[in-house]
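For reference, the structures are reproduced in the following blocks.
What follows is subunit A paired twice: with subunit B in the first complex and subunit C in the second.
Right, the complex of A and B next:
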């Protein structure tokens, strides 16, 4: 059973050892985000509904190259911080900068699928490439990172249902980027689906809304 | 002087402890990460929050996100045209709004970033700084910035020798004392306290308690505004 909370709302009172997105004040736990609170199994947790993408190790993200240097590329990952990829990830071996240049592999504006590898405080986020890293598409959509995380983690496999309904190839990152590839008809359909996702503000009705659109 | 309170009623018909009509909305500016709009008495104020955004400028910190706040009154917000250049008063209010909000926010998750808060006053009345703080706190919550609690601010004051809550422009100018206070109610903290005029210690204590009562009412409005955006079913347009 989840409860809607805003910052400063009392989520739980008592002795809980595991908690996230709450602040502890004596034995009271207050939410620090607008979101849905759950108290179960000795855990207090708030799933936030708004805010920027906060990178975590292991996250699969979609990024756009914003700068290419001989040995590294800067990637915009739709967050408050940039990502970067070292050149050897593209070549799968050490490379000699006097002979090779990363600009022969990627260009500014290229989209890629990557995984968060290392996070250092105050530094750009280090990324590694996915197996199929190059992402081509006819349209890019941005949805809120909170919704992207919810859709990707949902048990009813919504992404596959959207793919089946629209007939478009879809790649989605947990940072809120969706890249679609397909005919104009498919792109129109996915535009409508994204619009439905954006119009539903609350997370816990999202599946029902999508079922309505996809049926 | 001397005719601001008649038979326990103020010039606009309110009782001593009554707030002016308060309307608060969240998510009014689509381009911003978070935004809000407040109408408090005759005040009409938009607040937009942008960020946190990556920055390598001088002035950023490795410890936390740095807040920049700009309080600005539109040239048409007052009776006579106000020069759009930032005045001494606007610079001061930008600073106190930033300080009042900063202690509520948990910013250490965003090192080397900037957080911009823009406060634009479209129509001004008494207590625009407290209305700005109330609205800015909602805008920050809308932007998903982690915070300990919402901040709510209200001005109390002394008019005709009597303590009153939520001063209007006339009471602010002609009254004896103006005391804007901002609260973090869960933490039992005061994040803004300015005083213009003189009060006894007893009066001051009573004024703070009166402001706290009013802040609780304002907090309900803030929760309502956020709830309306995030938890009410939206009709498909």
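Right, the complex of A and C next:
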């Protein structure tokens, strides 16, 4: 059972291992975000409800190219910070920038699937390309990154259920971007599903709401 | 390459918007001649002479009016002064930086100013305390709180509603010095300016573009009408061109729409004045 918390709310008291998004003061754990708090199995966790995507190493994200330079491309990852991908990654080998132009591979506005590789304070986030990195589709949607993370980590495999219900091909990044490919009917269905996701304020109960829409 | 200012719309989203427009609908589902929901709330700032908040879809703008006294401009000794300023707050958009107003904010203020001035909405001849010596100066300050496209129309409606609800202290000359009295005077108004903005995207001319639509538009045209539907000001924006037929189409479509907006502004102001 989770409860809604705002920054400064007491989440738990006792001997717990800090899990995430809480601050410890003596034996008390306080939330540092607006979110849903869960205390279970010796863990204290607050899941954020809103705010930008905060990159973590290993996250799979969908990004948009915002600048193409000879040696690297800048990627908007729907966060407070940009990502970048080295030109070598697109060619899968070292290249001579005086002979190759990265704009032959990608254009500004292209979408790609990437994984967070390295995070350094004060610098853009280093990304690596996924095997099938080019993301193409018929419609793009944005949901809160907190909800995207919740759905992707859901034990009931909700994403596959959405795919089966809508008949659309879906690529989803943990940063809140969803790209769908399909006929008009499928796109209309997924638009309704996204509306249902966005209309549910709390994460708690989101799966029930979705089950209602998908049934 | 110079970094592009403002939003970059993904190629996929751009195709999605263009496809939707070719089917006769905005990306948010309304038809091409419909505005987003408009909510006008006058009188939101107690200490201002007049104020209004306008929500147009996701765009949120507030305008405040202050009246001071000053010497008139030498070429208009028998007219009051109007000064419109606009500021887009850094919290309005992730692309907005803190600092002095940029060229877009200055253009916004100029277009709102021109609409009010050219529609002869404010009777400047009644804003005179003593000709050539002291006149009233009307400051309209516009703050954009949330940016979701079509700032021109939202700012114009906010400024107009704020002016319509304005009243200020009367000044009297004692010798050469203007002295504030306790008497109140309503803003002398003779007309009402209604602004309507259209964007040309692909081959479509659409009213009230959203933030994303503005990111991919070829050109933008703002037309301002007075109470009789006379076109009194225009502003073209964007790097693309407009054909003469496009301009006529905008003027006609605006003429068919301005009365609805005028009615909404008047209703909101009357409700605020009657305390509803």
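Here, the second predicted complex is superposed on the first by the 213 of 215 C-alpha atoms of A that agree within 3 Å, B and C clash if a C-alpha of one lies under 4 Å from a C-alpha of the other, contacts with A are read in each partner's own complex, and residues count from 1 in each chain.
Keep this in mind: a contact is a pair of C-beta atoms (placed from the backbone, for glycine too) under 8 Å apart; a residue touches a chain by one contact, two chains touch by 3 or more.
What you see is a predicted model, and the numbers here were worked out from it, not measured in a lab.
A.B. asks: With the two structures overlaid on subunit A, would subunit B and subunit C clash, or do they fit side by side?
C.D. replies: Clash - subunit B and subunit C, as placed by superposing on subunit A, overlap.
A.B. asks: Is A:139 contacted by the first partner subunit B, the second partner subunit C, both or neither?
C.D. replies: Touch status of A:139: second partner only.
A.B. asks: Contacts for A:107 in the overlay, against subunit B (first) and subunit C (second): which applies, first, second, both or neither?
C.D. replies: The second partner, subunit C, only.
A.B. asks: For A:200, decide between first (touching subunit B), second (touching subunit C), both and neither.
C.D. replies: After superposing on A, A:200 lies in contact with subunit B but is clear of subunit C.
A.B. asks: Based on the superposed arrangement, let me know which partner A:183 touches: subunit B (first), subunit C (second), both, or neither?
C.D. replies: After superposing on A, A:183 lies clear of both subunit B and subunit C.
A.B. asks: For A:27 in the superposed arrangement: first (subunit B), second (subunit C), both or neither?
C.D. replies: The answer is neither, since A:27 touches no partner chain.
A.B. asks: Specify the partner with more touching residues on subunit A, choosing between subunit B and subunit C.
C.D. replies: B
A.B. asks: To test your reading of the overlay: subunit B has the stretches 76-84, 130-138, 184-192 or 220-228, and exactly one clashes with subunit C. Name it.
C.D. replies: 76-84
A.B. asks: Inside the complex, what are the residues of subunit A that reach subunit B?
C.D. replies: Checking each residue of subunit A against subunit B gives 4, 6-9, 21, 23, 25, 30, 32-34, 48-52, 54, 80-82, 121-122, 146, 196, 199-202, 205.
A.B. asks: Sort out for me which residues of subunit B touch subunit A in the complex.
C.D. replies: Result: residues 33-34, 51-54, 62, 106, 109-113, 141-150, 185-187, 219, 222-223, 226-227, 229-234, 236-237 of subunit B touch subunit A.
A.B. asks: So in the complex, the part of subunit C that touches subunit A is made up of which residues?
C.D. replies: Where subunit C meets subunit A, its residues are 1, 3-4, 8-14, 16.
A.B. asks: Can you name the residues of subunit A that touch subunit C in the complex?
C.D. replies: 64, 66-69, 76, 107-111, 135-140, 179
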